[in-house]
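Structures are listed in the sections that come next.
Two complexes, one shared chain (subunit A), two partners (subunit B, subunit C).
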Partner chain A sequence: MRTLRGRALFFVPALALLAVFVVYPVVNTVWLSFFTSEGQFALLGNYGEVLSQPEMFDPRGFARGFPYGALVHNVMWIVIHLPLTAGLGLVLAVILREIRGGAIVKSIIFLGMVTPMVVGGVILRFLFDGNVGILPSLMSIVGIPRRTLTAYPDTALFSLILGSLWLWTPFSMILYSAGLETIPDYVYEAAVIDGASPMRAFFAITVPMLRPVTGVVITMTFLWVLKIFDIVYVATMGGPGGASNVLALQMYMYAFREFDANSAAVVATLLMLVALAVSIPTFRSVRGEQP
Partner chain B sequence: MMRRKVVFLLLTVLAVFSLTGLAAEKKLTVISGWSGPEMDAFMPVLKEFEKETGIRVDYQIYRAEDLAVLLPAQFDSKTAPADVIFMWAWFINKQAQNGHVLEVTGALNESDFVPGVLDAVKSGGKLWGAPYTGKIKPGFWYRKSFFKQHGLAVPNTWEEFVDLCARIKKLPGVRAPIASGNGVGWPLSDVTEHFIATFGGPEMTRDLIAGKVKWTDPAVRAIFENRLAPLLKAGYFSEPIEWTMAADLWWAGDYALFFMGSWITGMVKDPADLGVFALPGARGLVFGTDYAFVPAYTKYPAEARKLLAHLATRGQTLQVAAGGHIATYTGAPLDVYPPVDREVAALLRGREALPDLDDTIGGEWQPAFWDQLKLLWVSPDRVGEVLDTLQRKAGK
Partner chain C sequence: MRSMGVFARTRSSTIALYVVAGLAALIWLIPFLGVFMASIRPLSEVLRGWWRFEQFNPTLRNYAGAWNHPAAPLGQGMYNSLRVAVPATILPLIVASTAAYGFARFRFRFRDLLFMAIVALMTLPQQMIAVPIYRIMRGLGAVDSYVGLVLVHAAWGLPWIMYFMRNYFTTVPVEVEEAAKVDGASDLRVFLQIVVPMSLPAVASAAVLQFMWVWSDFFLALILVYSPDKLLATQRVPLLRGVYHVDWGVLSAGSVIVMMIPIAVFAIMQRYYIRGMVGWTSK
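Entry: the complex of A and B
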């Protein structure tokens, strides 16, 4: 007992830091979200007001086009980015495992992961520029008129999503590469003996055996997309006309442009709840698989 | 042993004091958003102060949009990133109300400046900042050689202006008649303000600033729907391009006209080739003054006030000589201006000097204005929605 107490003392500094820099801000933020700027208790009043703002959800978008509101934009980002990142990462990991020089190609692809997001945003701004951008240049070769893709409401968000693939796919590729090393070779050998084609082996062996890795990739990608901020801030600032606005940027706007801490707290709390809803089942499933 | 300890202690104390003495060398920091050629033109002003006073001055670049977010948080923790900071007048006044700005009443002689220019940074009978040079946003710049080559003429009526755009659009090698410079959105706002000042008059500009007229008012809507949007729909304006890139493309002949402030005269290779015209009928032009202030948390208040006074007086004389600036300090002699800037200053004759609309309103409305204009430029059919959003934001 005395030994246990003695050991527990070593946790105190870390717990103190956690309490001050994590627990207190989280509790305070959630608390703020239930109060008005005058200090009156509003229960879910702030939530109703924030969610009714066109910046958060704009149903008119379904009739006229972008913007749809930051909430819908984040959902779009998740729906498009997540399967593409996971799928592309897996395919790249499988292909680059087999070819000569695959390690070098993986290193080049990994550059996207180590590029700071702010720098990534600047790169995207010029990548899609109508005058100097590579993508509009390539598009003009096939007859599509050059235009700055991030300047138009109907293409701004999709441009950023496409650009973010370059920044995050290396993450899933690396995880899948590591996961592939855990699949024993004899499983594939047995499949070959049984007459399975490479495609059949991929879907019958590789994909099922990489399920735990896929779970991690999906969760981490989901959380990353949920809090995406820097590339949007630098590349478009959420424009034009809010067409590429996202939740984290809107939270920033509330907090540091409008100085409305209560509305920012609402967005932060919503983000936290969604993140918990996704990450808790993942942690549980990982614990469940431990011996 | 004891003696060694004492000697060691004395040496340590001496070393610490020496380092402290070195560190205590006075150094002031100035922050503004000028970079590239604008920064190059500003540095001699700071060097002159260093020469006169022996106080070192460092310069840092921060955009005003970023400072608007950074400074309140720093001020709340009673720190400041610089001793003299260039910011919008509305921001200086707001921070002064919160006690974050050093009062500089008495540092400047009001009669030495253009009448009324100090009012923007005065409140409660106290002076909170100093004016620096101003820039006129006179209209559409063009290269005289380009106009001569293609037989084009400066328009005298609105119809002639539209006709000019139509003619330029047909010229081979020209992407669009007018280059739309863009940053966070402010060059687009300059164009818009010029249309408002021309077709709504100086009164409409002032009424919009004061909130006496709504953005959804029929008279305001008419300017957007009948003047600006048709030009955008006809493709007479390019899509928004990063403004320094737009300036290069315009100078190279990809575009014929470029709406920009008078600082452009200090940025082009051959200012003598520059011509400018306002929209026909313009009764007011935006004269945007830059302002600077001293945060209350400066370590060197006396020196910072001295630097501020230098910038507002002698500094302006040095700055206008570099081109692209118009002095608000009446002590700057006319003969220091480059010839093209004298022409620009002459454009104000017979016209009213107006405050910059979005810089004056400021707050959260300003970035919303910029963002909505970026949408309007590429989707001019959504003009109604843009005006509704601007009014909703203005009402907050």
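Entry: the complex of A and C
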């Protein structure tokens, strides 16, 4: 009995902190999302209301261009970012393993990973600035007028997506690098003896053997992009005119600028549901490795 | 490096790999280099292009300007950030390791289910707790105080630290602990005197990652801390940009100062950082 009570004490501090500062707030947010901004219980009615706001989804965008609404911007961000991050990370990991000095290049690339995202936002804003940035300057050489790319509706979101790719690819590169170490050399040696070309070895051995890593990379990248906030807040504040707005930022605006906790709760709950849905395959593998 | 290159078999393909690697290094370096150059050069030179060196008068004035900025002195912000990041690293490490040990060693009903539920919390967006957390802290009179922020960071860090530490504990051989228990040592004694000393590498990995995340956090600080003298370093960076035009020198210097801490931690603890990063996602 005494050991039982002693053993319970191992869990009490953690469970108490989680209950008060994570679980209760989550339940409370879901509860808040069922009420309209006027305080009326609407169950899912509020979701329809919030999703039809132009800052969330703006169908006029399809005729006129940006903004399309935060929801569409997040989807675009994920669709563009996901394959590029995974592909670039894999290619870089493979190449940098082959060459002398690859470790140094890896360290340089990895700087993006340890940079606070607020600073990342400043760096991107600087990179794309019409007066001092190198990218608009390079583009002007080929005749594209020099302008601050984050300040125009048609380029703001794409600039941020490009920047986020630069900041996040180190993550997939490092996971793929670790994954490559698990592929035994003799597999490649056998392929070489059989006369396989490097390209064929890459697609027939490397890619399939790294499939579990790819699963993790895709999941974690999806979650990161879904929750993206800091770099948007710092570089564009979702502007101009909402052209680079995203869900996490819109939630913040609802909650702490417009003091509309219920609309904010709807956005947060949607983010959570998507995040959970995306992570289910990863949970399965967690369960699979239980002792 | 492998003895035999798989993808670099001919001379030309080797050269191609080096060219691609060099380009990648350049692409990833240039944005950092730009901000660094802007931080050590007068604005007049930066406006002509930080990559041009006809004139080059490096100065530390921007760093002094950011550190003692009239509206948002970054020196104070760095001190504040440390005051949050250190306790917000130590507290969850203690709490999470203890519970993680319980999940690794004790048997009880619904153990795995409870652990799965806690792991699932890792995927939550911070937006999901923002409004209730603000209200709870206001109720406790802990809004705009570091106690509240540290508690939230601690709770938020628990799921992944528990996951990471439990995975580590399951790899530690159990025989030594059992021998100690036969000799009459209590669970707590076994944990503190045998398990913790054996787990210091894992603790270091978790500490490095948690510290960097708390240091880099912006969102939680944004909603919980707002007095000008209490703002953390990350909150002050956007305030350095200036009023009428963007003061790139001071803004860049401030950015460099704030990112120096995680870069230094990474440089010193690289091995633990990578192990934490990789072990945490794909075991």
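Note that in this section the second predicted complex is superposed on the first by the 273 of 291 C-alpha atoms of A that agree within 3 Å, B and C clash if a C-alpha of one lies under 4 Å from a C-alpha of the other, contacts with A are read in each partner's own complex, and residues count from 1 in each chain.
In this text, a residue touches a chain if its C-beta (ideal position, glycine included) is under 8 Å from a C-beta of that chain, and two chains touch if they have at least 3 such contacts.
None of the values given here were measured: they were computed from a predicted structure.
With both structures placed on the common chain, the touch criterion links A:N131 to subunit B and to subunit C. Once the two structures are superposed, subunit B and subunit C can be ranked by residues of subunit A touched, with C on top.
With both structures placed on the common chain, the touch criterion links A:L276 to subunit C but leaves subunit B unconnected. Look at A:F256: by the touch rule set out above, it reaches both subunit B and subunit C. Of the two partner chains placed around the shared chain by superposition, neither subunit B nor subunit C is touched by A:F203. Residues 129, 131-132, 256 of subunit A are contacted both by subunit B in one complex and by subunit C in the other. Across the interface of their complex, subunit A is touched by residues 68-69, 72-73, 184-185, 239-242, 245, 249, 364, 367, 370-372, 374-379, 382, 385-386, 389, 396 of subunit B. Every residue of subunit C that touches subunit A in the complex is listed here, in rising order: 1-9, 13-14, 17-18, 20-22, 24-25, 27-32, 34-35, 38, 46-47, 49-51, 95-96, 98-99, 101-102, 106, 112, 116, 118-134, 136, 151-152, 154-156, 158-159, 162-163, 170, 186-188, 191, 212, 215-216, 218-219, 222-223, 234, 237-238, 246, 248, 251-252, 255, 258-259, 262-263, 265-266, 273-274, 277-278, 281-283. Interface of subunit A with subunit B (complex): residues 54, 64, 129-132, 147-148, 151-153, 237-243, 253, 256-259.
Across the interface of their complex, subunit C is touched by residues 3, 6-7, 9-11, 13-15, 17-18, 20-26, 28-29, 32, 92, 94-102, 104-105, 108-112, 114-119, 121-124, 126-127, 129, 131-134, 137, 166, 171, 174-175, 178-179, 185, 188-189, 191-192, 198, 201-202, 212-213, 216, 220, 223, 226-227, 229-230, 233-234, 248, 251-252, 255-256, 261, 264-265, 267-269, 271-272, 275-276, 278-279, 283, 286-287, 289-291 of subunit A.
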